[in-house]
Structures are given as C-alpha cells and as structure tokens.
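Before anything else, here is the set of structures, which you'll find just below.
The same chain A turns up in both complexes below, where it pairs with chain B and then with chain C.
Now for the complex of A and B:
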C-alpha cells in the first residue's frame, strides 16, 4: 500500500488566490485612474502549436488585450469580470455548475450573454488567464463516467469532507462527478490503470475481476471521455505513478479517443493538466483484426475520410499510430471491443488482455 | 425506517425456471417425434393496444407460431433456442452482457446472425415468450444513470452477495448497473422519489441536500432513461410505495421522457415491469415558462411536429398533458431546467421544488 500526499485542497486554494489576484488587478487599475485592461494569451489558430517535449498543443507568445476603455471590448471585459466573480463564489462555497447553467445564471445578474457560445467562450478566456481548467473553478461537464478498483479516496466536498470511500465499494463502478474529481487519493494497491471505451466491457472486466487479476484501477470512458475523466486519469498517472492502458474499438474514432487522453486537443492548448502523455493506446488495433481473426465491418466513407485527417495530424507521427493507420487503410476493416466475444465471453480478459499488457510492459 | 422483503433473488429463480421449461418443452416435442414449434404473442403493430386500466400498451390475442418443420422458420427457431441457452448460461453464472455483445457471442457457437437487428429481434421474442425483460436474463444496456438517497441495498451479484451499501455513500450518485438493478432493497427513510433529466441538476440537488430536506431518493435519468433506470423507478414505487415526481426540460422531448417512465412504449407492449403508471410529470411545464417568467427559446419546426404527434397519442389525453400541449402551442416557447438559475443557483430547490411538490401531493 502506498500513502499519497494531499493535492486537491491545495489546488482549490491556488485557484481562489488567482481569482482574487485577477480582481485585485482590476481594482488597482481603476483606483489608479485607468480603464482596466486584461491581457491574455491569444487562442487563435495561428497561435496554437504542437510542443513535442510537452507532447501536447500549447499557445505561442501572441497576446490579446481587452480594455474597458475600448467601446468594442467593454462587453467582453464586463462578462469576464462577472464570470471571475461568479466562479469565485462557486468555488468558495463549493457549489458546482455546468456550462449551460452558468449561461442562465448570468441573467440573475443582468449580465448579457446572447448565447451559450458567448458564455462558453468567456469561460475559456478565464481558463487561459488563470491557467486552470473550468473544473478547477467548479464548472463541470454534464456527462458522467466511472471508475472501479482498489483506491481509497477522501472527499473534500461539503458534508463529506474527510469521509473516505474505497472505489471497489460499488460493483457497477463509482461515478466520476465533482466529488470524486476533487477527492484526495489516500491509498492504493494497484500498479496500473486500464481505461475502457464502453460500459458493457467495463462491467465484464469487473465481473471477471480484472482489477484483482491485473492489479488495476479500471476507468470507464463512455466514448470520448469527459474532461473530468481525463483529469482523473492524469492524476492516477502523475500522482500515483501508474501506467495507463487504453482500450477502444478498432476504428479511427476509437484511436482518437485514446489520442485525446494522451495529448489533449488543440482547443485545450491553454491548459496543462488534462493530458497523460505516457498513456498507451493498447488496442483494439487494426492489426488485431488480422492477428485475432476478429469479426469486422468494412470502413465506410466517413471512416476513411477521418483516417486521412488523422494521418495528416502531427500527433499521429510515431507508432503504434502510423503502423495502425496504414493497416486500417490496407485492410479497410474496423471492429469493436465486443468482437472478442466470438471466442467466448471471457476471451478478452483471459487471453487478449494479458498478451497485450505483456507486449507493452 | 421501513423493512422490505426480498424480491430480486426470487425473480432470478423464476426466470431460470421459465428458461428451463422452455427448453424442456422443445425436448419433449422432439422426443415425441415432432418438429419442435414455438408459440408466442405477435408483436406486429395490429396486435398492440393501449390498455387504459393497466395504463400501458399491451399485446392482443394474436399469436405467431414458429416451427422447425417449416423451412422458412428453421433459422429463427434455431436462433431462439440458442438465445435461450445462452442467456440461461449468463443468468445461471451471473455474468452480464449487452445486446451488441450477444450478437458477437453467437459467432462463438456458429449460430448465424446477419446483423445486430436480427439478434436484437430474437432477444425481444424471448422476452415475450418468458414475460421478462432482457435485464432479467442479464442483457443490460450500455448506458448508465445514477441514484442517490437514503436507501440501503443488499447485493445479490457474485463477490458482493450479502454486502450492503447505503445510496448516500458517494455524493456524485451511485451508478445504476447490473449490480444495483439486481440488489434487494433493505431499508429507507425516504418518502418520495424525485427523478431529474440532467446530470448538472442532479448534482445541484445533492449539493443542496434535497434528499434530506424533501426526504427523497434522487434518480438521474440522463435524458431518455435507460431501461434499468425505468425498472429501478418502478421498484421504488411498487416495492417501497414511494410516489415518483419527474422533472424534465419544458419541451416535447422532456414530456416524453416522463411519459415513457410512466407508461412505457409501444415496442415494450409485451412487458409489464418497466412502467410506473402513478409517477407524475412534475415539470418544467409550458405553463411554468409563463408563471415563473423563465428564459425560453422559440419552438423550432421539429419541436412543433413532435408536439402534434404527441397530441394524437392516446396516452396524452388527460391532464397535465393536454393542458400543457395546448400551452406549448399557444406560447410557442420551450425552456430548460437550468433556466431557473436566472433567479440564482438555488432558486429551483428553494422555491420551485417545494411549490410544485405542494401542488401535486
């Protein structure tokens, strides 16, 4: 058993501090007799670059400047200042919200947002100013995925502060919502993380005791993983030092689910804590369709178009990406995780999983 | 606190018994020198009727007959017999599967299904023969929603048999998967169920302690509720006698989410345990948009088309359905649950919820 040090409580304090400093800076400018201005990194496409050492997209040096003294900026400056106020209240009172909910909440303050797009964009501005993801200031996604395995967590949310839960408590999996996302990791006996695209297989893995047989924490992605789930995977990797193996369907969409966990996306170039560069896409590979003679379907036009896009994407340069992209193109087939059931329900756990983990370790 | 008697273990025994009787009947016919035939209710649309006393769709008296002696039937009879065998194995060994997974599993036995549609249809045949939903023979949906509140359950799945969990254990909500679905209800202090369409609001309700302030078990629907969730709501209503209140967005899709929980759907006319006829659609109503001056959007063409379809649906005859359909048509507006946040984050819990529950109780 490994003892783990505190981190999410510190993080919350830091976010509050940055929000307060942001407000102080605005006040200071006003007191000094200036129209307050806000300087932040530009997120325009010509300022987004792939950083091979960080292995994720980052922003370049371009800055944008918003001044309350400029008639064209006054709307967005007002929105941004309100947003900072609102999420500071959320974080301080430990209440959570969603993108949609924030949009409506603005109306309680007579702050005009014409559409949710406009308020979402201001939230992203605030992320890039603070250097923290919106989940850190309590704006969470609607979607919920799950985790299961021998990890004891300690809650930091109100009413549950200090209470602990072992993530094997509920055999359907433990939901990844705000409370789990903000929990501290206390203790684990696991030595790896296995992330699975689909709910049916996640349940199969629990039933077949993969968590015990492979000493693993199991994470359900539920398709393209919600940001809270990506953040949790990163924490399992960074805080606990656990290697991460990702299993998806064998198609361009499955590949990209893995890639987004590993290296994030261009529109999160302003954030640092959502990627897990050392995570591995462990299958199902195009070459597995051949190797394991899996039932498969022909790629359709949209699949092929997507494969061509991925082939041009700088993140797909190395292996297994290039090798598997070529194999998809060659065999023109795709298949699903469940395809292993053609050899019996437990084949994927009894044969495929140990073989693949053996190859990658 | 109320003590509750056992039921899901009994149910599992009954399903196994019915599957075995189905097999015995096939054997008997063969031993007597006949080609085995299977008689089941017809699910064609001309045999589906709305039953006002049961308040759900039911099948009429038409039967279909499948005989292994008929060259056109031999394929579906073989598939059906294999399916009964396969799900008996699943249920006996307490392993779960999904519709997709069953389709692939058939290949392990060289039983031909050309598409998942074909295997899904055979599973529905088996449901109508047994009179039990596929979840009862361990074929579960991919989707997972959640529940939260003071209810102690006892697991009946392997490795957890006899272990108990209180559904306030995890403040993000407890996932509704196979283990929760098959659990026994042991004890509760709740006196109602509040079901909520969306994840953000479900979390808000937990944070605002709605479960304590309103003595409620909270259920997350996650859009159109997965069948396991509908089944859980029915059990909370039938086994525990708890009234059920459903909160959705104010639009035709939200209304129908509530209606499907209440009276099921035409394509589940062969099943009895998926509906909760006494559940109430508690809002957000079209009339609430006016009454509470909620931020709203104009209905689009697809919304209006859908409203017209619902107006012709026999289940929408009484109130609040007719009244609210008329109001939607009159005001031509729709709105979301989150719209209450225009009055502050906790308005929905502090004002709207007690007012509406007071009106309906």
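Now for the complex of A and C:
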C-alpha cells in the first residue's frame, strides 16, 4: 500500500483565483474608462499544431481580441464575463452543472445564448483563457464512465468531505462523476490501469477478478472517453505512476479512442493535463485478428476512409500505429473485443490479456 | 367609263366633334363625367392664375335622377373667381367650337377652347338640356345665359339672357350643365385628378361636393403665383409650310432678312444672314415673291440648319421648385421630398421644361403592385389615365431603383411636370406624352437628380436606425459586464459605465 499526496483541493483554489483575477482585470478596465478587452489564444485550425515534445496538440501564438467597444464582440464579452461569474459561483459553492444546464442558467441572468453551441463555445473560450478544463470549474459532460479497483479515495465535495471509499466497493464499478473527479487519491495496491472500451467487457473483467489477478485498476471508457475520464486516467498515471493499457475494438475507431487518451484531440489543444502520453494501446490490434484467429468482418468504405485519414495524422507516426494501420489495410478486416468469446467467455482474460501485458511490460 | 355621282357634304366643327366625341375624352359615361369636370376646372384655372388671381374653384356634381329608369343623370356646376367673359362673347365662347382666346404661342392649359364646349355639347346630346352660364368681368353687369349649340351650323342658340347689377364687382364664371354620367365608376379618377391638381396648383382653393354630399376640400397653402409666360414668336425649327405661307402673307417686311429677323424667335441679323447663305436665298428678296415650292424649300432649310439658337423658355410657365415642393408637401405630407427644375430644352423648335419631384413616406401611397406611384403633369394638368403608355412611366421603369436604395413596396412617388408651348401628345385624348428623345432625356436626368437625394436621405435614415440599434446593444450589455465583473472581482461598487456609453454615442456623431 502506498500513501499518496494529491492535488484536487489546491487545484480548486487555483481555478477560483484565476476566475477572480479575470474579473478584476475587466473591472479595472471599466473603472479606468476603457472598454474592457479580452485577449485569448486563437483556436482556429491554422493555429493548432502538434507538439512532439509534449506529445499532444497545442495552440500557436495567434491571439484573438474581444473588445466590449466593438459591436460585434460585446455580446460574447458579456457572455464570457457572465460565464466566469457563473462557474466561479459553482466552484465556490461546490455545485456542479452540465453544458446543457449552463445554457439554460444563462436565461435566468438575462444573458441569452441563441443555442447551446454558442454557450459551449463560450465555455471553451473560458477554458483557453484560464488554461483549465471545464471540469475544473465544475461543468461536467452528460456521459459518464466508471472505474473499479483497489484505490481508496477521499471526497472533497460538500456533505461527503473527508469520507473515503474503496473503488472495489461496488461490483458495477463507481461512476466517474464530479465527486470522483474532485476526490483525492489516498492509497492503492494496484500497479497498472486497464482501460476498456466497452461495458460488457468491463463487467466480465470484474467478474473474472482481473483487478486482483493483474493488480489493475479497471476503467470503463464507454466509447470515446469523456474528458473527466481522460483526466482521471492521467491522474492515475501521473500521481500514482501507474502504467496504462487501453483495450478497444480492432478498427480505426477503436484505435482513435486510444489515441485521444494518449495524445488528446485538436479540440482540446488549448488544454493541458488531459493526455496520458505514456499510455499504451494494448489491443485489439489488426495483427491479433490473424494471430488469434478471431472472427472478423470486412472493413466498410467508411472504415477505409478513416484509416487513410489516420495514416496521414501526425499523431500516428511510429508503432504500433503504422504497423497496425498497414495490417488493417492488408487484411481489410476488423473485429470487436467480444470476438474472443468465440473461444469461450474467459479466453480473453485467461490467454490474451496475460500474453499481451507480458509483451508490453 | 361610268360617272359616279356622290353626295358631298360639308360638316361643321360642332358636327365633327359630335360625331367624334371619344377623341376629346367623352367615350363613355364614366370618362365623360371625369372629362367634363376636368375641362371646366382647367378653364377656371386658365381664367385665374395667368391673370394674377388666386384661384377659388367650387365644383358641385348632383344627381338629377328621380327614379331608377333615369339613373346616371347629373347636374354639374363649376364656379370660379376668374376674369370673366364679356357679355357679348359668352354665347360664342361656350357654344361655338374653335372659338378661343388662347390661340397664342404661349403655354396654357388648353389651346382651342374645345374642352369646355365639348362638355356642353356632350351634356346637350345626352340630356337635351341647355347650359347655364353666369359671368362678369367685374364691371357693372352680371350676365346670365341659357344656351344650346346648333350642332349642324356650329352656332350658339340663345334660349334666355338676363343681366344683373354687379354692385359687389364680382368677377368670375359659373357654368352649369346637365349630363349623363357614371359617377361611382369615375369617382377614384376624379378625386385623383383633383388631388393632383392641388399638387400642381398649391395656390388654389378647390372644393368639390359629390352627389352623395361628400365634400373634398383642397386648401391653398401659398399665395405666390408662378411667373406668367410671355408670348413668343415661332422658332424656325417648329414652323411648317402652312404657317410660313400665312406669315409671308401677313408680313410688312420687304426683304427676307428683315422678315426672318422680325418674325422668328431668337433670330438676329447675323443668324438670318448665315441662314440665308446656307439656304441659298438672297437677303434682299421680297418674301411675297416666294413661290410655293420656294416656301417648301425654305422651311426644309430651316429644319436642317444648325445655326439657330435654341428657343428660350420665357414663354413657358413652369411651376418652379418652390411651388412644386409646396404642392407635394401639402397633399402627400411626405417624410422626404426633393424637387428639381431642369434647364429649358427644346424638341423640334418647341421649348419645354421638365420639373421632377420625389416624395417618400408620410401619406405617399403604396401601390398594390409594389411599383412607384407616378404623378404626371403636362402644363400643370394632371394626367390620370393611360399611365403605362406615357414617356415618364417608361423612364421610371428603365431606372435601376435599387441603386438608389429603393425597394419594391416603398411609399414612394415620382412627380413629373412637363411644360411646353406644344406638349407632344401621343394621342388626341391628351393623356399620354410621347417619347421624344429630348424629353425623355430631361425626365431621366431629373429623376436621377432627385433620386440621388433620396438615396442620401434613405442611407442617412438607415444609418441613424442602425446607430440607434447599436447604441441599444451597448446599453444592454455594458451594465451586465460591469455587474458580473464586479461580483467576480469581489468589489462592492459597480463601476460607472456612463462615460463609455457617451463614447459610443460620440462615435456615432450624434
């Protein structure tokens, strides 16, 4: 068992301080008789670059200026200042909200957004100004994924503050919601993280005691992983030093689920701390279809198109990516994680998992 | 070879107009009641304004039908405060065709004194009732005549004559006729006509009482009359062979050069000399010695000679920008009005002046078809029929109005007044002006000029509207920015944004 010192309380203080500073900056400009201006990094596609040393997308040096003195900007400046105020209240009072919820809340302050797209965009603006993800100021996505394994956490949310929970407490896993995201890590016996794309396999792994047999914390991704899940995986990797292995379907979409956890997405180029560059895509690979004689389907046109896109993507340099992309092209087949059931329900745990982990460790 | 004997018959001018009354605008009961009013009102205007009298015109149309069989019969009275007609001339002036005091080369509303007599003739043939005329020139006597027209002989028939003492020195004319008509159908055109007459004559008081007792009142809003036209000599470009014959017959001059200098408009000694050289006639030739074929050659040479000065416009009586504008403002109460008077020009030796106005907003009507409303005037007479055949309409349709910020369906009216010693009518009905290149050119440039001013106005208005909307955006959002940033910064007092709002306003040049 390892004792861990964690960071969520510190992080909350920092977020609040940044929001307040943002407000003070606006306030000061008005008081001095200026139309308040906001300068933030441009998120247009020509300002998004891949940084090989960070192993993620980053924004370039282009800035965009929003001035309350400009008729075309004043509305978005107002929305932005309101948004900062609103999430500051959320964070201060330790309440959470969702993107949808924020969109409706704005109407109570007579700061209307024409659509949720508009309010989502303002939240992203605020993220890039503050350098923090929206989960840090308590705006969470709708989708939820889960985690299971021997990790004791301590809640920091009101009413649960100081309470601890071991993540093996519930056989369905524990939902990765706002409370878990803001919890401190206390201790763990695990020595690795296994992330799984699909719920069926996640449950199978718990039933087959994978967490004990492989000393692993299991994370359910639920398709393309929500940012809070990506953030949790990063914390498990960075704060606890656990290696991360990602299992997805053997198709271009599965590959990319792993890639986004590892290297992030262009949409989140303004954010840090969401990627886990050392995580590994552990399968199922195209070559596994051949090696394990897995039942497979022919690639659709859209799969092939996506493979070609990925082949050109700068994040896909090197192996296993290039090797597996070539293999997909060569065999023109894909398969799902469940394909291992062709050889019995526990085949994937008994045979594939130990072999693959052995190869990668 | 067979000889065919035919009965040849001379008809009188009265008979001719009786047989061809549609050419003078009396083709059907609806058009007839309109034309009767129009002709008598124009006579009244011609009896007042040119003589420095501010017109007061009273029109009453009443139904004389007692039962349904007789439906459509009216009595029409038109009364003015004009110069009046001397008693001895009254029968001929009203009941003889082509008897007129207007046969002169200066602009007037009518020329031949035809219209008024036509109205009387029409009344007579539809009701067999006489016309009653009361008139005085302001001397001691007022004359009252009951008259009919002897159509075959073109002579007045005097049925009754009375004289009254004129102690109050009243001057003016009252004409009362009976006629068949269709007022319900004619009403819109009559009201349009009177309204437009009021636009072109803002110095006139016009009252109309219709058969249902409704009063339409167009009140005088200015007491300045337009300057009166001078009588003028014919311009060489506008003279035909017959006119030349008559002039040669009448002249006292002994040489051609004197003849040209004395009888033609804007021809001086120098011009006459170079013209005769051009035409190949000796300067000292006696005009009366010109043979008929030489007269034809002389007229043709006049047409093709480029050395004549253009006719001047002193014989014309335009409304003037001030009157036109006052008329438009009075009747349309527009939000914006611009007028222009073009420089005098000439076609075929006939001088003319085009005046154009444009009116936007206010009571300017919006047409159902979204087109621009066009008010046409010729020698101060409104033209209310046959718009689509008129040169002004053609010019309006040729303009790319969007370039001037005009959208279909806007309350926009264009007013075109053409005055000339000879208006180029397209038809004898005098409702459409023909498309002479010189005239359409002046109309086009006139409309462009006022349309540019409209464009400026519309764009300023649009800008003001835009700026107002702009200011309201700042007024809406700046307080919120101040409020939320104050809360976020943990400050107590919301900063003052009045200064910022003032700066927004100042940027607008307000």
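Throughout what follows, the second predicted complex is superposed on the first by the 361 of 361 C-alpha atoms of A that agree within 3 Å, B and C clash if a C-alpha of one lies under 4 Å from a C-alpha of the other, contacts with A are read in each partner's own complex, and residues count from 1 in each chain.
FYI, a contact is a pair of C-beta atoms (placed from the backbone, for glycine too) under 8 Å apart; a residue touches a chain by one contact, two chains touch by 3 or more.
Bear in mind the structure is a predicted one, so any value in this text is a computation, not a measurement.
S.K.: A:53 in the overlay: touching chain B, chain C, both, or neither? Say first, second, both or neither.
M.R.: Touch partners of A:53: none, neither chain B nor chain C.
S.K.: Would you check which partner chain A:115 touches, where first means chain B only, second means chain C only, and both and neither mean what they say?
M.R.: In the superposition, A:115 touches no partner, neither chain B nor chain C.
S.K.: So, does A:85 touch the first partner chain B, the second partner chain C, both, or neither?
M.R.: In the superposition, A:85 touches chain C alone.
S.K.: Looking at chain A, does chain C or chain B touch more of its residues?
M.R.: B
S.K.: By the touch definition at the top of the document, which applies to A:61: first (chain B), second (chain C), both, or neither?
M.R.: Touch partners of A:61: none, neither chain B nor chain C.
S.K.: Figure out whether A:30 sits in contact with chain B (first) or chain C (second), or with both, or with neither.
M.R.: A:30: touches chain C, not chain B.
S.K.: Now for A:45: first (chain B), second (chain C), both, or neither, which partner does it touch?
M.R.: neither
S.K.: Let me test your reading of the model: by the given contact rule, A:19 touches which partner, first (chain B), second (chain C), both or neither?
M.R.: A:19 contacts chain C only, not chain B.
S.K.: When the two structures are overlaid on chain A, which partner does A:74 contact: first (chain B), second (chain C), both, or neither?
M.R.: Touch partner of A:74: chain C, not chain B.
S.K.: Across the two complexes, what residues of chain A are contacted by chain B and by chain C?
M.R.: Chain A residues touching both partners: none found.
S.K.: For chain C, which residues are in contact with chain A within the complex?
M.R.: Per the stated touch rule, the residues are 470, 473-474, 477-478, 480-482, 484-491, 495, 497, 499-500, 503-504.
S.K.: State the interface residues of chain A toward chain C in the complex, per the touch definition above.
M.R.: 19-20, 22-24, 26-27, 30-31, 33, 35-36, 68-69, 71, 74-75, 77-78, 81-82, 84-85, 88, 109-111
S.K.: Flag every residue of chain B that touches chain A in the complex, lowest number first.
M.R.: 94-98, 100-101, 103-105, 107-108, 140-144, 146, 155, 157-160, 165, 169-180, 198-200, 203-204, 207, 209, 220, 222, 295, 336, 338-345
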